[in-house]
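For clarity, chains are labelled A, B, C, D, E and F in written order, and residue numbers in each chain start from 1.
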Amino acid sequence: MRKPPVDLIKRALEEDGADYDITTLSTVPAEQLANASLIARQEGVAAGLTIAAATFRLLDERVTIDLLVADGEQVHPDQLLAHLSGPARSILSAERVALNFLGHLSGIATITAHCVQAVAGTRTRILDTRKTTPGLRHLEKEAVLLGGGQNHRFGLSDGVLIKVNHIKAAGGIAQAITAARRAAQHLLKIEVECETISEVRTALEANADVILLDNMDIETMRSAVELARRDAPGVLLEASGNIGANPRRLAAVAATGVDFISLGALTHSAPNFDISLEFA
Amino acid sequence: MRKPPVDLIKRALEEDGADYDITTLSTVPAEQLANASLIARQEGVAAGLTIAAATFRLLDERVTIDLLVADGEQVHPDQLLAHLSGPARSILSAERVALNFLGHLSGIATITAHCVQAVAGTRTRILDTRKTTPGLRHLEKEAVLLGGGQNHRFGLSDGVLIKVNHIKAAGGIAQAITAARRAAQHLLKIEVECETISEVRTALEANADVILLDNMDIETMRSAVELARRDAPGVLLEASGNIGANPRRLAAVAATGVDFISLGALTHSAPNFDISLEFA
Amino acid sequence: MRKPPVDLIKRALEEDGADYDITTLSTVPAEQLANASLIARQEGVAAGLTIAAATFRLLDERVTIDLLVADGEQVHPDQLLAHLSGPARSILSAERVALNFLGHLSGIATITAHCVQAVAGTRTRILDTRKTTPGLRHLEKEAVLLGGGQNHRFGLSDGVLIKVNHIKAAGGIAQAITAARRAAQHLLKIEVECETISEVRTALEANADVILLDNMDIETMRSAVELARRDAPGVLLEASGNIGANPRRLAAVAATGVDFISLGALTHSAPNFDISLEFA
Amino acid sequence: MRKPPVDLIKRALEEDGADYDITTLSTVPAEQLANASLIARQEGVAAGLTIAAATFRLLDERVTIDLLVADGEQVHPDQLLAHLSGPARSILSAERVALNFLGHLSGIATITAHCVQAVAGTRTRILDTRKTTPGLRHLEKEAVLLGGGQNHRFGLSDGVLIKVNHIKAAGGIAQAITAARRAAQHLLKIEVECETISEVRTALEANADVILLDNMDIETMRSAVELARRDAPGVLLEASGNIGANPRRLAAVAATGVDFISLGALTHSAPNFDISLEFA
Amino acid sequence: MRKPPVDLIKRALEEDGADYDITTLSTVPAEQLANASLIARQEGVAAGLTIAAATFRLLDERVTIDLLVADGEQVHPDQLLAHLSGPARSILSAERVALNFLGHLSGIATITAHCVQAVAGTRTRILDTRKTTPGLRHLEKEAVLLGGGQNHRFGLSDGVLIKVNHIKAAGGIAQAITAARRAAQHLLKIEVECETISEVRTALEANADVILLDNMDIETMRSAVELARRDAPGVLLEASGNIGANPRRLAAVAATGVDFISLGALTHSAPNFDISLEFA
Amino acid sequence: MRKPPVDLIKRALEEDGADYDITTLSTVPAEQLANASLIARQEGVAAGLTIAAATFRLLDERVTIDLLVADGEQVHPDQLLAHLSGPARSILSAERVALNFLGHLSGIATITAHCVQAVAGTRTRILDTRKTTPGLRHLEKEAVLLGGGQNHRFGLSDGVLIKVNHIKAAGGIAQAITAARRAAQHLLKIEVECETISEVRTALEANADVILLDNMDIETMRSAVELARRDAPGVLLEASGNIGANPRRLAAVAATGVDFISLGALTHSAPNFDISLEFA
């Protein structure tokens, strides 16, 4: 795990005006201590607990938090996730930001786990995409890992994925692959997006390392997989486009034998996960 | 409208590695120009178009964007939202960040519009909450306005909302209101969270300016409204808790006569709105 | 109290070159320890002691500071305010920045206390304004609280105060109030600036929550207060304009029965308060 | 002149919430244009006009400002200092921050000019000190120049000034001078604080380049000047301590023949200079 | 090319005090214009010209620069590289920072070109390493490209290179490769450092994608190349360790048939390239 | 010594992706502890050890480092410089950044020590220049001190050095000196660059405090020294231009009796110093 994103948490606390919570400052005595609990209100996978803990402590280092569950664990309705104790003011003032992180990230981990479950028993792994919330990519991709998914490239500067417009500009699939191979550092594989069997064939001939099967129907996908496995057994295959977090659809795609399914919905449409903070 | 959040957009472009898009740099010639369109793929309310425009221009000020639709307008599947023209490399490298803003914010505006529609014809207005994505509160609250909703306080330092824990700490509703009124600057009203009719009565007697009816059933809510309208006609009433973006439920709550319904779901669970960028 | 403004203190230390104090580095041995005292040189109200303490510790966390007086306490000439001990170099290098905060903020608290004293025994409270030193508003408004004053809105985004130019642009007092009420979040009151009795009357009819009596003579102010108390007992009244930190003038204004007097001089013209640091 | 301090101005605008001025946004139409004037309300020296101009333009680059007076010029009550024209909203929202800079800096330039006037006709020049407002040293020292004063060292890292505690720590005046000369880069002169004639003599023998006559009475100061002029004609002499911005006292000190008088009051106690912004 | 690193250039100008160049401000009139030239004083490859140009313009946008040579071109003693014209003050105050960038980066491009020349006609390409100057990696790696070299991975988060300590910790070469393959995103190849033929054999059996031949003598390197070419023709080979920018040594290593030689000396020991700025 | 440059170190760690070292995270268990040593691989002067220590601790404060050698000490091949212990992952992930600082700064200290050695026994001291790596001036100038050299002015705002272009613009050497003396604060000496004996004579007559003998041959330099010592014994003399880190040349220049030799090569062309980190 990376360290908690201190700057982002501080920005979030500042955004919420947490260091000048008028209501709390005027109604809660400075010296009052409190015990509180973080409690899951639904079934799913916890994510963001270490960040929530860091949030309370960044507002006030006198708050202590006991995590009863680790990020990535399956949790149940009414399960205690953590105990907090410390100055009541600080717990109240940091509560919303902490819960905003927790709800968002546990939501992503939970939907990822559902998708991973849908393809269990196959070779297919669930990948995220770059369709993330601006400023939160690190956290969201980590939540995908916690849900059992796997990360695609982080961004444009650390992976090569040749899409239709790149192919057009380069003058063809083979030219695009050659150009990318020359420019990219030697530790990077070259992935190419293909929409037809014929494009897959061209990409294989041009020694693509990975092929993205984009928006193909199940039948075409299956042919593509067969072709690749026969002609280029080391090549990896990724399915994408209009798949969504639908278990039946995911199972059908996985059954074609692709190595990966990538899903924007993991990060851009995961519903908030319900967690509450209760004072003892 | 506020100005586009330059720092946030820059962080998002940097997060995506947009200034070093290996694929594009190696396959698309530096001098190649392109025309492209932003196209809605579903029905809803557009939001984030000015931010998307700023995103392209922050990466490369030579990109020009013609917005054909204003933020806040209703859009339809396959409707053109904007034309872009400029260096092909820059359009490709900024595309994902621009779409990430657009999809997220239009999603929020769209779900807000559905909720507003559900209470149309009543006095009730739809409010957002502080349950926003860390770092994006300004944008998300503006998307709520674009969808026809109204904003609650921005954060803890610019509004008073006394909740159960504050009441406990202060020793009662009346004490909490008095303490808050003394501490808050004189331009702020005092809102108090109540869960029972008896609490509403106490709050009214203590001269609360606004009452939050929390987690009440419809019947209780209706009694609370009646009580308040009779005894304190200037007091505002807000319903909250377990309501969700469900039209029928929203209509039922609005029918009680509350002034506001506040909904976390507007900002924390809005599904992404589908928009694509196509090259001409 | 908010936490000390770490970024501002660091900028001030950097501005002063405190981490490379040539004189001290060359003349004072690294290992030399020192005891020192902060001593008031005049009568007044201390403010900024916690910030001064933070300044020494941000330069060198080995410096320990015992505050003998709390921010907000009345102090006398030659009174010891704090004991310091630690590396002599660090105490010397942070001294000027710490004293600059102390002198400025204690100056504000002291002049505020004089003004509060001048209206003692009346209902009138002393308010600050937005006429603060750029970058120091939080600290200066806190010093006003420490001196017994009360804060007006913090800035333009967290309070509504309709002035002459707004009224002109909106087409009248009533129109301006309506427009502001629609746009502002529901927890904000609406304040309107009035220069004549006739304007006060219009503002009351338009349900203003607070009225700023601007640049009125005592007679007019008294009539305005009478009018408001009779027609709209819940409305708050603030006097402002050309009042200054003059005790007799303040008492006369308070005698009209206004709720508040706001004074730019508290923050923009308070003379420095004399405090010195002496080595034992 | 340095360039306007863009970061500081932006922080000040942000501090004031100038990009979300609820009152103005709700009452003034977006398209409304306005003409306005900056007008002096008292006699003195203008400073901060270029910063005020930058403030309006940083909020909205469509605002144009014509400066009718340059920073450093003497101005009179009711004199027009600048014309502004542009979007009414932006002029209103930036007004307070612009005036806060103007009032503070013109106040410093004005008090400096008074002190310079008091020593006119002598060799003595008026110096500022490091007793400045945290974060504003550059601006305040520039205002001193505009008022006709001269700057002392900027901070601890770019000048050597040996004070009593340094002398104690180094074991004597001569030892302190030697140590400082060895450590400082060769372009720096060495200044030493002396409180008695005997200390002045020792400092001269140790080849100090500049001597600070601290808290001396006029008689002693005169003796110190005579001694130095006779024994070390190239050495510079600075008077400091308890002098204040009092014309008679300044003239008396200048009459002793010192090269400089340094005054904390220039920057830490200058009253605000009254300037107003009026709409046409 | 990436855009010029604006923040870094600004920090460098600030570090040099370029906005307050006392000498220039006091001796050169504000209105004086000047023409100047950048002139190479030695043979080599130019790099950093666009950054130098940006440096002048960031200090003062009125300076215009005509680049007569592009970054990456071979230049000769006394060759004109660029013409500048604009305010004399700004050219003088930005000169040193601009030349510091130019000298450092052209030095790197020049030594890289020498190394590339030494292996010309072979399949071997010259790579840089992560042995760069803190804060300048982007620029230094771009200078390597300009000199005809190729970049290795940018940093630890965007490439996998398993070294001896990783192998020990993982329990062997095969285990380390498997672990890395599982964790890294699917677009990354796996490189392993080997010191003996036996390790190379193990790495090939474990399906390493790239092998780093570390500190091997020429004989061993040749055997390693033979082994790899025979058993795993797709695998890439990189030589490293104690090679240095010595032409004869580079030619000998290239003659073994490795794909890459990586050299820390390109970036950490390149002597400054001599360029001067002359006023017309 | 200043404190370690925390922001720069953090930027360097971030630049290297040290908080997401894929290789280490996947191959080294989180709980594995390690002992390691920093070892010199050549003869020279250590510099940057405290910065290297801070680097490891900024990545992970659980790493402990025992420095066996202080910055500024002479070290020998295979000498242990420090012991490290702590989480193996953190030591591996911070290693490269720490070594990059160490190698660069020890390289500067070592070449400086060679130059200082070359003029040992004379009055001449070795000075650095402003020809430093952008962003690293503080560190590089400190490394020069550690190698026994002395610092010239830090930047343009804290020292006066009048060069040919300033003299031309001011209308002559005397005019330039007068102008600079008037503008600079009174603690600064005035240095003037001279290329001929006649210019030196003029500068002495104009009361320059320091004279830079630029690009003179040994004979002319000697005459300049004689002239200055005779006519103005307090004036300091600095030799510069085309001298380089050549011991024989340095000795010859020192023999002329100049006070200083300044050398760009100390900071812009020092070869990296070889230090390695070995696991126990």
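Of note:
In the analysis below, a residue touches a chain if its C-beta (ideal position, glycine included) is under 8 Å from a C-beta of that chain, and two chains touch if they have at least 3 such contacts.
As the structure is a prediction and not an experimental result, all values here were calculated from the model.
Any chain bridging subunit C and subunit E, meaning touching each of them, is among A, B, D, F; the list is complete.
The chains in contact with subunit E and with subunit F alike are A, D.
Comparing contact pairs by residue number, the interface of E-F is reproduced by A-B among B-D, A-B or A-E, since over half of the pairs coincide.
The geometric centre of subunit C is 23 Å away from that of subunit D, both derived from CA atoms. Between the Cα centres of subunit A and subunit D there is a gap of 54 Å.
Between subunit A and subunit C, the centres computed from C-alpha atoms are 47 Å apart. Contact of a single residue of subunit D with at least two other chains is seen at positions 19-20, 154, 157-161, 188. Under the contact rule defined at the top, the touching pairs of chains are A-B, A-C, A-E, A-F, B-C, B-D, B-E, C-D, C-F, D-E, D-F, E-F.
For subunit F in complex with subunit D, the touching residues are 127, 150-154, 157-161, 185-189, 191, 209-210, 236, 238, 259-260.
Subunit C makes touch with subunit D in their complex at residues 8-9, 11-12, 15-29, 32, 34, 88, 92-93, 96-97, 99-101, 103-104, 107, 130-138, 154-163, 165-170, 175-176, 179-180, 182-184, 188, 264-265, 268-269, 271-272, 279. The touching residues of subunit F, counted against subunit A in their complex, run 19-20. Residue ranges on subunit B touching subunit D, taken from their complex, read 2-3.
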